[in-house]
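Two complexes are shown next, each including subunit A; its partner changes from subunit B in the first to subunit C in the second.
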Partner chain A sequence: MTESASKTADFRKLMDAKFERRVFSDLLVRIIGYCILGLMTGLLLAIVGYVAILGLGSISFKMFVTVGNTSTGGLANAIVGTWELVGMGLLLSLPVGVFGGLYLSEYSSRYTGGVLRLFVDILTSIPSIVLGLFGYLVLVIELNMGYSLLAGGLTLGVMMIPYIMRISEISYSNIPGETREAAFALGANSMQVSLRLLLVQARVGIMTAILLSISIAAGETAQLLYTALFNNGYTTGLTHEPVAYLTYVIWYSLNQPTPYAHALAYSAALVLVSSIFFLLLLSKYIGRGK
Partner chain B sequence: MAVVPLAIMVILFSFLIYNAIPSMRYSGFDFFTSYIWNPGMFYRDPIMYHGVPAPYKSSFGMLSFFVGTMITTAFALVIAFPVSIFLSLTLNLYTPRALRRPFSAMVELFAGIPSVVYGLWGVIVLEPILLHRIEPWMKTNLSFIPGFSGEVFSGAGIIAAGLILGIMIIPIVTAVISESMASQPKEFKEGVYALGGTKWEVGRHILLRNTRRQIAGGTLLGTGRALGETMAVLMVSGAVVNVLPTSIFSLTNTMSAQIAAALDSAFIDATGMNISALVELGVILVVISLIANLAGRAIAGKAALRGYEND
Partner chain C sequence: MTDIIEVKNLGVATDKQQILSNVSLSIPENTITTIVGPSGSGKSTLIRTFNRLTDLYPRLRVNGEVLFHGRSVREYKVMLLRRRIGLVFQKPNPFPMSVFDNVAFGPKLHASLTGSQLDTIVEESLKHAGLYGEVKDNMEKNAMDLSGGQQQRLCIARALAVQPEVLMMDEPTSSLDPIAKSRIEELMLRLKEDYTVVLVTHDIDQANRVSDSIELLYNGKIVEYEKPDVLQMPEYEHARQFVMKLSRQVGRQSRSTSENGCFVKLMRGSLV
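Up next is the complex of A and B:
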């Protein structure tokens, strides 16, 4: 009897030791995880906070209303140009994305859908500088647009297509089949179902896709360097007239020697990051139910 | 409308390859083995070589950029991989439910920061810290590791570019891994808890084991993103040419950054050979990043579909 009691005690000791080790490794992973989470939070605050501090210290109201050339003046032309370029990009990518997504979700067969989706995926994996090179070769040179709103905007649009197409495709597919059947049962044809039912039902998804793609496009530089170049004033024409944009100011002014050029870069970064974060959070807020 | 991406891709590839042909004829195989990138002398008469005109004394070799791309991407993965794994585990196991959404939204905000802003932060904040504190410390204390002994030039270089790239790809890698961890069936986790398992044991035996494919796929997607990243790397890598890195402190350059940096002066070349060489560089970059991206999508995507079936 004493033997079995000591055996039980031994077993208990063994289990206790094992239990302690297991609890300890759990604690260790938890601590490392919390540390990394804290580190990332700190890093985000460090990056955004630093941009905010530098930007707030150098921004002035005058910058919003005067045009600039990356070392003197303001940011008005760059701000306007950024939205002109993004708007031009949307003009291409919105119809292509929304209706392409509709086709992928509703009309395509398994095989054609797969092939077309593959090409959308390929398009997302083209590095942005190569898209810029493509825009330069095809739009600027071959189609003779020059450095222009059209060339820069279309290059941005090419980049925005996959985001809008895939996200809107998902939001069409999420609409229950019964909704379509109900519409067909009421005598609607497939065009009415697509345009008056699916587009309306998927509007939240499409809206988040648009906001997301705008926020990505507004922060792009590499595609625009050799398609939009830079302009010291406002851009009014479509072709043969370069466009100013914020990311160029950040990149170029930082290499300038004068403090005022640096102030321009910091202010541009502040304007850009705050508008992008606003768009991203807005798209999160709109799509919160999903 | 869904055919538009296909059409764009066809036009893109045909234009790129058509424009790369002169460079392929001029440089031949040397393009892959040489690390000298010399635009040539634009004011001398161009020479004819292999039937194509090129500036006098020009030579194009992608090796230094290729090596730089690979080293900085590898560095970025070394940073991003463990961080993303631990982030996903923490978000799925230890974070209180109420904080889960804010924290994953925070990780996504990293993806929203434009690459020039990362570059700006790298130049102003990271480089001075690296130059004055971290790199001297590494040099004195870690020089026994091969590649850690060398001249500290400036804060820019492999470490800065790798760090920034690592931070930039964390959101995408984390999103893929965390998403697939969250979609693991509740019953699996409950089974481990019912056996008296700790949270880490759920993480190790269920979350990590069942998402190995998505972890690999997500990492490949991050690799693809790091390969093509341009502006941030251009700003913090030092953007040197004709230099192969000798240590981890070396300045470097990548294929994408070289295209952005050199296209400006390539326009002056009347023979067009400089542009053609950059296009060839772009074609190779596209091929590499396509392989990484499509492989990642294929690996993670199939497993994601399987996850749907198990749901």
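Up next is the complex of A and C:
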């Protein structure tokens, strides 16, 4: 045997020696994974199951078509109001988020991008009750909107911006540089590259961001308490007209003494959780191609 | 014959590296000019200065001149410059959209065209690139699902679709089978009637087959390999092997220009 061949043989032995331990640690990783999966499944089933059992026991078709005041009536005003608020929030957060993300991914310098990202991250971590207070002082009082769709929606919108901006930033960044180069080499300008290439290519990511931010916004309570208050009927105006929403029904009705109020709360929880569930499934389904 | 592109004392550098230095050459209209040279010698960087794609990388500092029709490329509006000087990239980079949309993307940037005008442009460009037959029944197919070689030809079609005057191709046949390859070579020969072709290739046989002139780039410099002594210099050890292959295969006439003492041209066919 030559010297190098014997070395090779030694190395082979060395590398095979620990293999049983490695088989075990390989298994261990999977066991830990399954444990966590089990825990999460249990938690989720418990929460969703609880809401489902309580909700299904109380909900009726009539609740979807009648307005209510948190102790009597239905949920129709709260369901419509939730969508109105979220829609108003999107009106603000969608353009700001989508173009902010574009700016972060494509045009910001290391410095300006860093500053903007920091601001956005700080915004995410501001407690929603503080945002609500801000909305109350600035929008409701100072700008004289009153408790309203505009005040509540804009406050929600501020909260939605970071999600849309950061997720869409990631979707733009995932588009390979060669794709941009190809467009520039054909004579495209920055606007054309942004609108005809990046925005189109990132649409799945943007859609996911929108659905995620809707489902988060729909579950907010604290900031709406100060800006939208509650309305026993539908809201049709933009300002000086409070808005109903589902989380308020849950929060308020549970504190009421009557069993019907509790039934309203459970039903509102079920409607909310199943809508959010549906939105998240939808976003997974849309994102499935990628 | 007039020079459509002239490069004068071009240098490209980053903070850490001199990528090109003192490159001078000229590219006559309606010819195929080929740039050969070892990997990393700066070929792609060189042709990217022609359409100012180097502008996309602020860390690349470009000095010296590139003239297009006698005017510095700096003086052109960059969108117009890039329409007139097309580039087929070394790595196929189709857009993740349909075959049709890939080819139609460029023309739509520059003009508002009717559907039938677009159809014509797309069909013609695909035919030129020798891809039409394979995709004509399924123009809506996602370009990412094409094979590597089909993608390469799609990128050629996409570049042709904006009707450039100069077509630069960076190793356009690296992943093609011999038949598709010879079709692209025929295309280049056909194109030079109306276009000027700049080819970068590692395939010396291909360079010899199609080129009107061949430039050798080595360590960011143009090697005047026609001068007898130059290749004896120790720094050209590796380049010598390149040139031996070149010169063995081409029965060509040569011209060496001593203007600046900077460049050498090998012309096949008619001497300028």
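Criterion: the second predicted complex is superposed on the first by the 247 of 290 C-alpha atoms of A that agree within 3 Å, B and C clash if a C-alpha of one lies under 4 Å from a C-alpha of the other, contacts with A are read in each partner's own complex, and residues count from 1 in each chain.
In the analysis below, a residue touches a chain if its C-beta (ideal position, glycine included) is under 8 Å from a C-beta of that chain, and two chains touch if they have at least 3 such contacts.
Treat the numbers as computed from the prediction; the structure is a model and nothing was measured.
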{"item": "Partner chain(s) touched by A:271 [first = subunit B, second = subunit C, both, neither]", "value": "neither"}
{"item": "Partner chain(s) touched by A:158 [first = subunit B, second = subunit C, both, neither]", "value": "first"}
{"item": "Greater subunit A contact set [subunit C / subunit B]", "value": "B"}
{"item": "Which superposed partner A:188 touches (first subunit B, second subunit C, both, neither)", "value": "second"}
{"item": "Contacts of A:178 with subunit B and subunit C, given as first, second, both or neither", "value": "second"}
{"item": "Partner chain in contact with A:197 - subunit B first, subunit C second, else both or neither", "value": "second"}
{"item": "In the complex, subunit C residues that touch subunit A", "value": "51, 53, 56, 79-83, 86-87, 89, 91, 93-97, 105-106, 108-110, 155, 158-159, 162"}
{"item": "Contact set on subunit A toward subunit B in their complex", "value": "22-23, 25-26, 29-30, 32-34, 36-37, 40-41, 43-44, 46-48, 50-51, 54, 95-104, 108, 115-116, 118-134, 136-138, 142, 158, 161-162, 165, 215-216, 218-222, 225-226, 247, 250-251, 254, 265-266, 269, 272-273, 276-277, 280-281, 284"}
{"item": "Complex contacts: residues of subunit B adjacent to subunit A", "value": "1-6, 8-9, 11-12, 15-16, 19, 83, 86-87, 89-91, 93-95, 103, 105-110, 112-121, 123-125, 167, 170, 198-201, 203, 224, 227-231, 235, 256, 259-260, 263-264, 278-279, 282, 285-286, 289-290, 292-294, 297"}
{"item": "Interfacial residue positions of subunit A with respect to subunit C in the complex", "value": "176, 178-189, 192, 196-197, 200-201"}
